[in-house]
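Shared chain: subunit A. Partners: subunit B in the first complex, subunit C in the second.
Let's look at the complex of A and B:
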């Protein structure tokens, strides 16, 4: 401690600068590790070769694979996109409605089986999601929905009532005095739900809609079991997975890359815009425990 | 040991104490699990007791209309002037009786039998002879000794076991729903009787309907979600739990080969009686737990470190750094994981890079040990951005005056982290940590897309070295159709998750009392 005050300050600033430089280096290295596979995917989607390459940079570029996606009859990517979109959109509408209804009822209304339902949600949530897949398939068969896209919509949205936690946490934060004031003015609970609570809940509606859309959009498990050999009802996740089969990969790898890039773009943009809601959804529930 | 002892311990001792209390907490949590199950059972019986008390009491105090509605549903409502409501009750009763006669009783009668068909036993000169009544009342001889177990191969004359089991569960659910309506009927009859005695008029139908938009709005909101939940979620789960007690495997695929009840044989198989299955289950269970611990804590710790680096004072372009990592989290997992799989292939991009700089190729996904390390590392690649995203927000929420007072007291950066930042984050994210742990036990994507559970080994029953319980479950369901074994594993995963959540919940409650943040 023989240093003067001044040199201590500059020493401190230098030390801090050095630490920051190290941090920048670490961050840059990490970004490279994280972003390289994505860039590799994008580069390969323009590669003129058809199979898997070991080289990082393609030797020549082409746009053909993106065109092939929509012209290849063996792998009807356009049809898959349409299937995926219809299933995801319909599940999203039904699930969002269900989640809002259930979480509103559990958050704002008081009735006898409320606690039972809360516990039931907790218990059912601990079963592996696809454990009863075979049984569900049998039920769909009986309803005449075997290998139908609508069966997927039902599977994705039937359990939506259990995903009430995040939205319920949000509704819990809206002051109860609002409801009471409206009640004094003669509003029914039905009117309070539609005219007072829902207009205040835009963030949570957006969040719920997003998660219920992206879930089916990227699901592989149920599609792979429900649609097994009915190729015209495949969705993108299953179709792309099949492009990497042993017999297909040597001719379809780059097409796979193009297809993966295409479906990743909208989801990525949505997620980046909506990351705030995502964080609020997860931690908002967490803070309240 | 009380709180004072705990405070006096050194850091190492505290850590050891925590670890010890985690493991000593496991039997307690298991005990608690069964205690909760016991409490639920007790509650059910108490509820039943109350129910019969009220049920009988209403009958005794009821007038003729109320008493009549114990047999003819809706009679009370109609006699008390609620015609429409009474008719709806009556229609429900008629519909239920019709359902039971034409449909329900058929399947209820068949479920008792281990072959899921209706059996009648008659004495013959040689001994016993049993007759099975299959679909359409067709009679067929089944067994002559009265022992069950041989396979049935007569698709025309028997019902599909799937149908029998499924419709049995359905009939049970319909019956429970009917009992609920029946109780509502007696309650409503008694309520309207009391209103009449007080000289008031019971609500008419239109008024009653209006209560569904106000006092009973929860019924309107919950009915449709619950009906769908029961049909497509609870019904299949109960069905699957029943499957665990049958021999519904690849050799018994109805309608060609029916399956039968086998009792707890499948559970015995998985625990001890079938060496191959029990070894596979034990080893996969251990790997699943190892995986879940590593996957959860590597992501958690490195995610927090990354968030701290990005949010460090003096680091510029925070938004840029964050977005770079978020992009990888946003791309659908099956895409990124399949890309990783191709890059880490024996002849993939990473290995060709390694060989070009003179390092021998690494069997990332084909050697058991390497594959296990690879899945954990790739899982970090997938999961760290998520943790970073979530903890970034939390870091900004820590009250600044905590740090200020710490600095005045002379705390250095490391002390600030261990005394303020980390306890705070741990406190706020404990529930998140629990859900991630349970989520990792059920983590399908990373394992299935990367290694497909492989490398497969012959001493495992249809599984590979990196298979988790859930991916094994998936393979048994989709590839080999061992539905009974898959159901057993599903039940085991449920029990593990339930016990794990209980331990974690207890621990987080303890830490909440210790650290006073809120």
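Let's look at the complex of A and C:
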């Protein structure tokens, strides 16, 4: 009896070990596949040869491309980073406010077209924003915001309220009795939102802020359509892409790599710091979503 | 009574103003010489004046007109003329220096002159970007000649102003003016004549006698572990084979024809296959992901390439890589087709400067466009950027006259076909590039039937 039990145990352990080995091998292969391009990018950003190479390890290293990023007048990377940061930060603040407010209203208030609005929002959200790009461009022109950075902020944040789903799911998990208790104490809806609900919603605030920041940070399509040839108002995504033009690639490929490495640093740090809120935020909202 | 005298005063004033305006015209033409245009219209020969930008009176006339435009924009305040130029990003620094010269030359106390040069929209795309949104487009833009007909069709390009027409016609080669002329009207300022390709080679490796025959070059390069580059995967280059074979490639009245599904088409394809057999052994036919310009530059730098079919835009890079004295240029070599050696054809063309019809400063833009394309600027463009001029005066420059690139372009000219008259967007959208690329990757090992199917496919895609 004990014998068979033992052999069963070892059989199970062996089987488990075998499965684990296979899983780890698969995972290792995937890690390599994911990491290699990033390492390659970093290596190329230090390569002394200017053009595209097929070699993985550069023959010699230099830091010049990082310096060139901030000294080359034709590709003013420093200005682009600043533009990107301003647009992303502003859009992030405005969008986050919009989303949280809309979500709170839809979660707590009961009004006539609430259900219709929920459905409408869902359907409208399915259409990609760039569908109306040309029209938006002309509207911005009417406002006198043609090729202006603020036009981008408006575009990125104006429709943000439609992304209420996750945050609304989160608010639904906060007991309504809290609202009611506050109401009895004489708080208005506005006070409840700012003083009771928001302090309890850190995870979802962080999650919303992160997603609304990374969107504009990496967006290419709107910038390229809106800014056209106005280099001083480009953002990093468009600027870096222009370094890969057939006319520029032979002299700017390594600079592009350096730029790509730099642009990844702030967002990586942000993610590492916010990671624990981030995970909580997504799952917290999904429970009752 | 009072109203009558008012009227009289008004009339008198009008008459005076008209007289003054006429006097202005007279003054401007006074220091100019009169030439007879070569393109005579039915009504007889039109007379065109040639002006000299260094002449004080001409300069004053131009400045006055620019001031009018500036004032029209701003009203009472000090007027502003602000112009935008699009050029190739590689030429940006040079075009900016010209713009600076222009700002200095035409500076005036009556207005503020500001020119912004942008390299964001290159010469290959500027035409379509102007058509897409002329209001957002540059006032003055550099473009390749194949876009001229569509720009004229769309009505987005302004014809050369009469004020400069005499100069443009008398200062540039006749061929270049023909290219700029659509329906008897000159629409653009010619800039360079090198929008085509020819053979660049390393003189230390090849003699002049070596570069006449493609196969001979490939085998000589192969023996030393070097390569000759011809970008077969790019339709702009590979079309040369089809021209050589005698296929009809034309674009007329919005219709694209290319008789590739024919015996001639097959001959061209087989000639390509014959060369591609040596891929990796003296021949390279595709630049991979890095683009042909970067590939050629890198190839000459590390010594793996000893010859390449490409154009003047890579010239400065090749010179820097192997030393100016070692750079040779020649017309394209002959290729083996239907059992005999035939001269390889090519595309050849011009790069032009256009003025946006919707520019707020229509006259000032014309002045700038003329200035960028004037003989002195063309010569400077050659000296700094190595681009071959269209100006007859610039072409008399000793260095330019002897430039191997110019000689190669001239030698290739009888075999070069104008892009605007041959191909349209539909042509490039077909699989012509992929076809050549496949020949290279298969190292030419494709049967006649396979080739025929693919050629038929390309022809179908164009119609």
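Note that in this section the second predicted complex is superposed on the first by the 253 of 289 C-alpha atoms of A that agree within 3 Å, B and C clash if a C-alpha of one lies under 4 Å from a C-alpha of the other, contacts with A are read in each partner's own complex, and residues count from 1 in each chain.
We take it that contacts are C-beta pairs under 8 Å (C-beta built on N, C-alpha and C of every residue); 3 or more make two chains touch, one makes a residue touch a chain.
Because the structure is predicted, anything quoted here is derived from the model rather than measured.
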First, second, both or neither for A:136, with subunit B first and subunit C second: first
Which superposed partner A:190 touches (first subunit B, second subunit C, both, neither): first
Partner chain(s) touched by A:52 [first = subunit B, second = subunit C, both, neither]: both
Partner chain in contact with A:231 - subunit B first, subunit C second, else both or neither: second
Touched subunit A residues, subunit B compared with subunit C: B
First, second, both or neither for A:247, with subunit B first and subunit C second: second
Overlap of the subunit B and subunit C footprints on subunit A, listed as residue numbers: 52-54, 253
Of all residues in subunit B, those that touch subunit A in their complex: 162-163, 166, 213-215, 217-218, 220-222, 224-226, 228-229, 231-237, 239-240, 243, 306, 309-310, 312, 314-315, 321, 323-336, 338-340, 342-343, 345, 347-349, 351-353, 381, 385, 389-390, 392-394, 428-432, 438, 442, 444-445, 448-449, 470, 473-474, 477-478, 483, 486-487, 490, 493-494, 497-498, 501, 508
Touching residues (chain side subunit A, partner subunit B) in the complex: 16, 20, 23-24, 26-27, 30-31, 33-35, 37-38, 40-41, 52-56, 98, 101-102, 104-105, 109, 111, 114, 117, 123-124, 126-136, 138-139, 142, 154-155, 157-162, 188-190, 193, 214, 217-218, 220-221, 224-225, 237, 240-241, 244, 253, 256, 260, 263-264, 267-268, 270-272, 275, 278-280, 282-283, 285-287, 289
Residues on subunit A engaged by subunit C in the complex (per definition of touch): 49, 51-54, 74, 146-147, 228-231, 242, 245-250, 253
Touching residues (chain side subunit C, partner subunit A) in the complex: 84, 86, 88-90, 92-93, 118-122, 129, 133, 136, 138, 288-294, 297-298, 313, 317
